[in-house]
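Below is one structure; the comments refer to it alone.
Per-chain residue numbering starts at 1, and chain names A, B, C, D and E are given in the order in which the chains are listed.
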């Protein structure tokens, strides 16, 4: 048996489809660059679409494990999907590599879960700290009303108020929300220094457009938040109103390392657009799988692979990252970035770095 | 030529079924033709074939000297065929007035003239088609056909469900319209006695074929023909 | 003589139009009563109120002395009031067997039975068979109603109404669309109903009305114009003026 | 044969078991042994079939259209999940019934809103109810777990004896048993006077009332029963996947359901089963070939189905089975004769 | 006070947005009695055409808008002549199946051609931002939507209620066979109306892109909203859906502003309550027997 099978379960259709596509693209790119054999074994990727619906995830995972006999399951666009597959990873004793979903608890649900994306706690706490230190005293929050949104809100509030900031208005928007007008009007009426925003990647554009339309930028109300709202995937399309938005995030396509420049160029060349943070999470995810296989010398025993993954450290397009051996969660730099125009295009330009941030969600508990 | 309507060797029916095997019929200006026959003998099918809403296998239909066989039903209607369908087919979501204006064509018959003929309709002019009594629907169907200002008026059981006094007036009116307006009419009727006084000519169908075609006066003189073909000697039987 | 069906000061308006005006009508038990009147006089509307399809604005409806004004349609049927429609109201996808079977089951109170299969009750079967035979429908009992010729459908329409074993039967233009040769079948069937069944008939075919009815009410613009035995009504100049016209009526 | 017994014979015609039906169920059972690696997808099909059967009861028989049937599915699913999670009712079969009853209560309560109005109104009211429930479940995340769904459901063995296994074998046979029992029940009901009266109501409510059928009461009854079925389907879903998340209420679920039923054909109970098989297989095949664009091909199939005509398609698809059955049965027995729909 | 007015304005604008998206459906579903669930696909087509013209080819926005209408109408007439016309006489369930199928195809096709990321149309500066009228913030873009919708409604209502075309269309829908026998060219009336409905959808798609964004899932995501507007409004006129959109828009915005927690409930609750109160929609004609 000299193939290693990776079952990649992603939302390829439905509202989250762009997440799935970025990750799939990044993996393709990685395998083009590094070849499809590692430690003498051929790596085979089997993509399944779960449309971000957990029962589909579960059925897909089960089918992959039972019928295709995969050695890894990977992907997982949203938290419920990652959670749905967790008991299967435990039962089948194979690694589950989470490449997108971002709530803290995920890695605690199975000893076989590793994560190469991020947790919302990482960026939200940091932006909270940064805001108080940079003269933002009054903040109104606008977050999507679902688990990641609530995570982002709570971690932000915790650090922001601890530092002496005040949350003057708190609005949770429905997950499927076509029009932000009434919520933004509330924000405007609350007259804060800044709005803390978390909306799922994809809705960022709607938000920023309407933020500008309502003249909140002119009223001097800044936008801060985790980087989802200014996802590189969509940023260039949002118009000049986003200029000056400050976010904390793990990755910017403008990250100044050579490695990233090459990555962005290659990705653009292959797929025509800029990679976002989902792409980089997928890129690192497949890298982790390759490295683990190298370390076990091609042994596909799940326990051995997980052991091999723990403590891995490498240089990613986003900067130096590692896998925390205790929590199997990612440890990475979080950058504070501001949207600026570079060569006529909008970019998140990094200007401050918080190094080796662990998942604060877990360390605090 | 003075034949307004000329049907030649028409073979028509529905789907695969042939109802009229070989129908030829000519009708001159100013003539009222009564079309009789038992249930299911093809009266409606004949009317509908002239309108063009059945399946035609072969044969031709001519209207005022031109061949309209190739025309679609709506083109035939505009060429001068006025139709009162057996089921009335009032447009239910149109008001009484719209039912007429939607199809009306220029000519002597206007909506106002129809109202004169059926004052009842004028009272109900803004009712929707599905809010009419059975008889009012019948009146509307007739009025609607008239506003088309047809050359050939086809009435499929127009007296059904109408009060006797209205029937009387209606039949009189049809006679006047036909003779004065230079058009021709075909009336399908169940009750032969009702119509013998009005019609110039009577055609009796049996299994899609004409079995009797004669001036109505002849029929009045010899009621046994009716007995033979229709199974009743008219209303006089009881 | 007992009164089978009675309306007291019935009123119905559509928008601004008074379609039934203060109508008080009595139909005696066992009567063969005809309701005639010009088109749009409101005859069908009266029937619809009697059967509960329409709610009167005011006034009462009594069936054998009991107030049924507020009962829903189906309860009136169970009390013995049944009707036919001016335009056939049948179940296109069901067969005559099923159509009549349902009516019989419903009357016998088995209609809500959700466990016992159709066709397993002999009393019901007997009755269905009897009705099918009486209405000449046995040969087509397994064909879907849509496929039946119009005459058969009309018979079925009446059979269904009779399957409910009504004590009062309302017939709205039962002969409409039925060729002359078959009209008498229908009349014969209706005529063969037991004498204690009361029949209220609406019809524009005067031959039929006058050969059938023993009492006639004339409705004009929603109000009662006159009422009486056929001979009297036929002679009434008012009735002639608004409805009958010059047509000779042989009584 | 006397006219009366003739009538009885014909009245029971449809209620009699055909060879084709027996064969159908034997094939279904055989699948359980023939494809031991595909239990999951087969269980999924069974659940969907049961759910569709529920819609068929109201749509195919009573003519009530619904775009919100997922409401009952969802209530059943969450009920079963909560019962298991909090250990209120541990035994799955019992929990299944309790969950079904919960959905049934909701069905009864909402039936009053649904029996009013025309098709489009019904469509939207049912849809609205399902969406409201979804929003409620999202809002009360302390009970339902919000968007994360119920976490950590662990199912106890069936009857305390048969545990649910990872390969889904127990789940499959469990679901099959439930489906079959409920099918038998539904079959009995639709061939009763009650069932026939539903078809009458669908055909012509005016006439139905005029022969003494209490139309509203019948509609409420069947809607409530259908809610029970849907609740059971939802509960089976939770029990066999150990998941209950918000999308059990989703519009897509109700919409897919409608597609499945329409593909399979309404008004003869097997439509749901056949439709579920076809729909899931298509999805599976297409999404294996192209995980990104499988929707295109599904869409194309739907379009073709409609253009060719469902009736004709059924005749083609069932041509061979019918041929075989005619040989075996020696008479004109037919596997399935889909009736026209609303 | 200004807060109320601002919200009212936003509500009206949002309502108009719903209307411009749904009025094409009100035409096909309400007047032609054809359940065209692919309505959103035509809207999306118009949106993407406008986007490509403006963003990629540098057309001015106002020049691209009519083209959104025209291109969707053209696609509409093409499909009508080839496919849809076979379905007018089929059951509603068949229509649902068919149009959902088309929607799925359109979603995947657009995803394939344009990618699954959300896109926006670049607006001219004149349409961006807000201006103040006595302290009430008036969004320029939203104002434009209100104006366009107002004109559209008046125009449509004139055509459908006051002209012969309107009654001919309804006649053709009520009874195509009789209509054609009485001189109405039914296929032509249908084709024209259908194309017009699709054109309206395309215009709606282009106009709504700024606020809702455009992505391949547009037709599925907003299908529910279209349907809500048409059912609540009642399907016998254009004013019905128009007023329903206004009501829903204002209600939704007010609900979200004053009780954000209840945000998602407002529109569905309103719909259910209205439909129970008036099963044929606000302005639906009660179906007589």
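Note that contacts are C-beta pairs under 8 Å (C-beta built on N, C-alpha and C of every residue); 3 or more make two chains touch, one makes a residue touch a chain.
Heads up on the chains, UniProt names are B, C = ABC transporter ATP-binding protein; D, E = Branched-chain amino acid ABC transporter permease.
Since this is a predicted model, take the numbers as computed values, not measurements.
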| item | value |
| --- | --- |
| Mutual neighbours - chains that touch subunit A and subunit C alike | D |
| Graph separation of subunit D and subunit E (steps between touching chains) | 1 |
| Centroid comparison with subunit B (C-alpha atoms), farthest chain | A |
| Chain pair with the greatest number of C-beta contact pairs | C-D |
| Most widely separated chain from subunit E, with each centre as the mean of CA atoms | C |
| Between subunit E and subunit B, distance of the C-alpha-averaged centres to the nearest whole Å | 44 |
| Whole-Å gap between the CA centroids of subunit B and subunit C | 30 |
| Mean-CA-position distance for subunit D and subunit A (Å) | 39 |
| Subunit D residues counted as touching two or more neighbouring chains | 135, 138, 206, 292, 294-295, 340 |
| Residues of subunit B engaged with two or more neighbouring chains | 131 |
| Contacts with two or more other chains, residues of subunit C listed in rising order | 53 |
| Chain pairs that touch, as defined at the top of this document | A-D, A-E, B-C, B-E, C-D, D-E |
| Touching residues (chain side subunit D, partner subunit A) in the complex | 37-38, 40-41, 44, 135, 138, 141, 146-149, 151, 166-168, 237, 241-243, 245, 247, 250, 287, 291-292, 294-295 |
| Interfacial residue positions of subunit C with respect to subunit D in the complex | 51-53, 72-75, 77-78, 82-83, 85, 89-94, 97-99, 101-103, 105-107, 110-120, 122, 125-126, 128-130, 132-133, 138, 141-142, 160-161, 163-164 |
| Of subunit E, residues touching subunit D in the complex | 29, 83, 86-87, 90-94, 96-98, 100-109, 111-112, 220, 224, 227-228, 230-232, 235, 261, 264-265, 268-269, 271-272, 275-276, 279-281, 287, 289 |
| In the complex, subunit E residues that touch subunit B | 164, 167-168, 170-171, 173-175, 177-186, 236, 285, 287-289 |
| Subunit E partner contacts - residues on subunit D that touch it in the complex | 65, 113, 116-121, 123-125, 127-129, 131-132, 135-136, 138-139, 206, 251-252, 255, 258-259, 262-263, 266, 292-296, 298-303, 305-307, 310, 340-342 |
